[in-house]
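Given below, in the form of structure tokens, are the structures.
Consider the two complexes below, in which subunit A is the common component and subunit B and subunit C are the respective partners.
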Partner chain A sequence: MGGKVTCTLGEVKQRADFIIYWGGNPAECHPRHFTKYTIMQKSKFLPRGRKDRTMVLVDIRETKSAKAADIFLQVRPGKDFELITILRALIKDQPVRDEDIAETGLDRAAVEDLVRRMKGAKFGCMFFGMGLSMTRGKHMNSAALLTLAAEMNAFTKFVAMPMRGHGNVTGADVIMRWQTGYPFGISFNRGYPRYNPGEFSTVDVLVRGDCDAAFIIGADPGATMPQPAIDHLARIPTIVLDPHITHTSRLARVHITTAPQGISAPGTAYRMDELPMPLSPALKSPYPTDEEVVRRINEAIAKKPFWLPDGGPSPHQWTSQVNL
Partner chain B sequence: MNLEVIENATCTFCGCVCDDIDLHHDGVRIHKAERACVLGTAWFLNHTAEKKYPVALVDGEEVSLDVAIETAATLLHAADMPLVYGMSNTTCEAQKECVALADLLGGLLDSHTSL
Partner chain C sequence: MPVTLRLKRPPIVPLEAEFLSPDVLATLSHAEISAMIVHHGKRRLPLSEFFDVEGERSEDLVLHGELHKLRWVGRGMRRGSITVHGTIGMHLGAYMRGGRIDVHGNAGDWIGAEMKDGTIRIRGNAGGQIGAAYRGAMSGMRNGLIMIDGSAGLEVGMRMRRGTIVVGGPTRDFTGLQMKGGTILLRSGAEIRTGAWMQRGTIISLKPLQMMPTFTYSTTTTPGFLPLLSRHLAPHGITLPTGPYQLYRGDRAVPGKGEILVLA
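For the complex of A and B:
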């Protein structure tokens, strides 16, 4: 997501006096987010901690996070994009009809109060979760929210940050961006990286039956993906690397048990604000690390003829071979 | 019981990646994860250094790591359009190897982000 207006969690902790959580439930999914970074911390700029900060929760239902919020705005399911667009209009004093506001499940007073508070903040930060990015509108919702954050900078300092789940999913974005120029949904089938979510994104690829082998690492699509995608994984040779025997392992041709990251595998993981953190594994695993296994698979593949029909020697490999 | 302590260990359960966890362990099992939240505590305490699963399986049969690696390489190499997917619960170092794998194979590369 190039051009994203964002910051680190350290800056949020020190300076953010206005926090919006949109489509996320940090109280249950990121339990230390409130206490470590967003609302409970005292800082040089916010010496009274919680009293100096305002927290707004926008969600379709009243989750446990609502208890921690000063203001809870219950948006009608699937109307996030509309509400963000209305906010984008109202901050610029453009006219918005009552019926358009009513469609989002909120009234004019609540929305105008939010706009006033956003503009009145010294440092605003919007955290958006999967309730925004994985529902109707998907990446368009995220893009709208990031645009709202950017546009708010005409009035005051404002940033946005995704609430990433799954440990090192941020690292995957960063590594793919570094190595290929794109964060996900990449194809190398022309010998250079191309990016096209929808065409190269996994669910679409599997549901259409486009791929004829799958290498799954640090994920369990057999438990989370739609049934037609799982059916295709069972049809094709699937290889799984995981610390456990997963649902995907059970339908795979090959399963290799690896050491869990951060517990017995060393390395680096990225925090949601894209800060790299070194891991300090406590235990020695009887299993090899993911890194070692994938490197050995790469070495074994490199000994075979190159994939072009003439089987000629492997030309320049796009991604660099320097070690981290 | 004498427990060794790893100070300021990093938790990789969620995107917060808290790096202030003190892990009390006996080499096999983590007994206490100080400052970790309920999710992080479960993450640390549920993983052990015990050998609970076979090293590798091919078609449901236990095999050696070498055989599994060679089988994986052969299957991936034989495919016209292999997919490399996931990379959430693994290290950046392993992710970089995964990018190299997709590149080497001329295949597809994707993570949880696209879901």
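For the complex of A and C:
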């Protein structure tokens, strides 16, 4: 695998003359994306804006984003990994049979045209959404696209970027990576960070019943996770910090209402290209911020060290490691 | 007399006990084994909190109970044997360099991950990432033999470099992902994306497989190495048809020189 070859959205806006959206529907899910960062923008290097850019949409159905695309490629459901693997072979001039390409729902002419355009671009960018990363194959689908982007750099400049959503999810990844060296799927139970997605990632821990308490900040696993995970959340003491009453709040033992970030609470959110954006509150809120609640919980634990058994890490160690 | 551990209190959260390895137990007295520290979640507790301990100073370890939350047993072991009567959790025999592990039950994920030598046999089903490389590591198992009588999960043999994996039941997706060498024998086939991004190595399937589009049919043949592999597996009661087999080569996306043999 080639790692993640990426850039900022500013660079995409200035330079990207070839943009692929794979398994995403930005017209409906990221409505300002086209106009602010990608196809509609005029720039120093692309002065004619939309006319200087080519947009390709790869998806299993014709969404509203297809209307904005120059080329729409309708891939058969569950064949994204196969199509990306075919593209990896074709860019290296390796032979692939027509009937194998047809299995993906596309014909040879369309796939070879895509390869030609990708190689001919000056600056290519691939955005991928949950249609790729959350279907069968999951992390390997994302890894395939990131690898394709890395390999395309043998021919021209190419980058890849996930289309993030749900508030500050990029921020969680960035902060964990900065603090521990790992973006997610981390365990601190031995007093130092260990990384193993599948073993320590939240959904797997909950499905296997590997935790005896849950502390949830700004997320709603009760609405998004599989039923065994939700059942386990209902069994164990679950504490939720959220500005709203969520599905998770209804099955939690404790819900603490907090001030909404960016509206009533200051802080830093990370854009999908991992750029930090300071947030200034516009309104006052009667509720405490997430940060304040976590700090007060930490202080309360620090006053009662007898809660911890002999040999366990001290609350001060937790604070220094997690530093929320 | 082997060191025998019987589960008396099931752990609520994962129990990590990497010292449960014949190399370590061979020099310890009964009292020392009972006092060894295990990690129950973040809490450090003596082994005797969870197990009744019998025996001392032995290179043979026997475990009894539903141990699906017990992890890292036999980590890095070099000699001796571990026998499990019941289920066992993740990372069994990870990094092992020798010896033998026999599980009379089901096992979790990452069995024999990055092992360098030795033999592991699971009489039931196993999870994913058997003999695989840990996230970020370049190579999975480098030698040794893993036998799963039942089914196995995702990414069996991911990035393995050498050694043999035999799976009796079906495996799930991405079997032999990014394989660099070694042999995987699938007696009941696999789901999809078998051999994806293979560089080298051999996958033998006795049932038809759904091939990746970047594999190419080469020929129908009876490979000369199969009698050798049969002799290697015969002491474990595993037989292998001599063929003929359809030979597919790939993965062209890498481009790799791996081979998938499917019994014709």
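FYI, the second predicted complex is superposed on the first by the 305 of 324 C-alpha atoms of A that agree within 3 Å, B and C clash if a C-alpha of one lies under 4 Å from a C-alpha of the other, contacts with A are read in each partner's own complex, and residues count from 1 in each chain.
In this text, a residue touches a chain if its C-beta (ideal position, glycine included) is under 8 Å from a C-beta of that chain, and two chains touch if they have at least 3 such contacts.
Note that this is a predicted model, so its numbers are computed, not measured.
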- [ ] Would you sort A:Thr180 into first (subunit B), second (subunit C), both or neither based on which partner it touches?
- [x] first
Open item on the list: On the A-aligned overlay, A:Lys92 touches which partner chain: subunit B = first, subunit C = second, or both, or neither?
Closed with: second
Open item on the list: Contacts for A:Met140 in the overlay, against subunit B (first) and subunit C (second): which applies, first, second, both or neither?
Closed with: second
- [ ] In the overlay, answer first, second, both or neither for which of subunit B and subunit C A:His244 touches.
- [x] first
Open item on the list: For A:Gly262 in the superposed arrangement: first (subunit B), second (subunit C), both or neither?
Closed with: first
TODO: Pick one for A:Gly171: touches subunit B only (first), subunit C only (second), both, or neither.
DONE: first
Open item on the list: I'd like to know which partner A:Pro288 touches here: subunit B for first, subunit C for second, both or neither.
Closed with: first
Open item on the list: According to the stated criteria, A:Asp210 is in contact with first (subunit B), second (subunit C), both, or neither; which is it?
Closed with: both
- [ ] Go through the superposed model and pick first if A:Ile101 touches only subunit B, second if only subunit C, both, or neither.
- [x] second
Task: Dominant toucher of subunit A (residue count), subunit B or subunit C - done: B
Task: Residues on subunit A lying within both footprints (that of subunit B and that of subunit C) - done: 188-191, 197, 210-212
Task: Residues of subunit A defined as touching subunit C within the complex - done: 1, 81-82, 85-86, 88-89, 92, 94-97, 100-101, 103-104, 136-137, 140, 188-191, 195-199, 210-212, 309-313
Open item on the list: Applying the document's contact rule, which stretches of subunit C touch subunit A when the two form their complex?
Closed with: 12-14, 16, 37, 39, 41-45, 69, 90, 109-110, 128-129, 134-136, 173-174, 177-178, 192-193, 196-197, 212-214, 216, 251-255
TODO: Sort out for me which residues of subunit B touch subunit A in the complex.
DONE: 4, 6, 8-19, 23, 25, 27-30, 37-40, 43-44, 47-51, 53-59, 65, 68-115
Open item on the list: Considering only the defined contacts, which subunit A positions touch subunit B in the complex?
Closed with: 29-33, 36, 134, 163-176, 179-180, 183-191, 193, 197, 200-203, 205-206, 210-219, 221, 224, 236-237, 239, 241, 243-245, 249, 253-257, 260-272, 275-280, 282-291, 293-298, 300-302, 304, 307-308, 314, 317-319, 321, 324
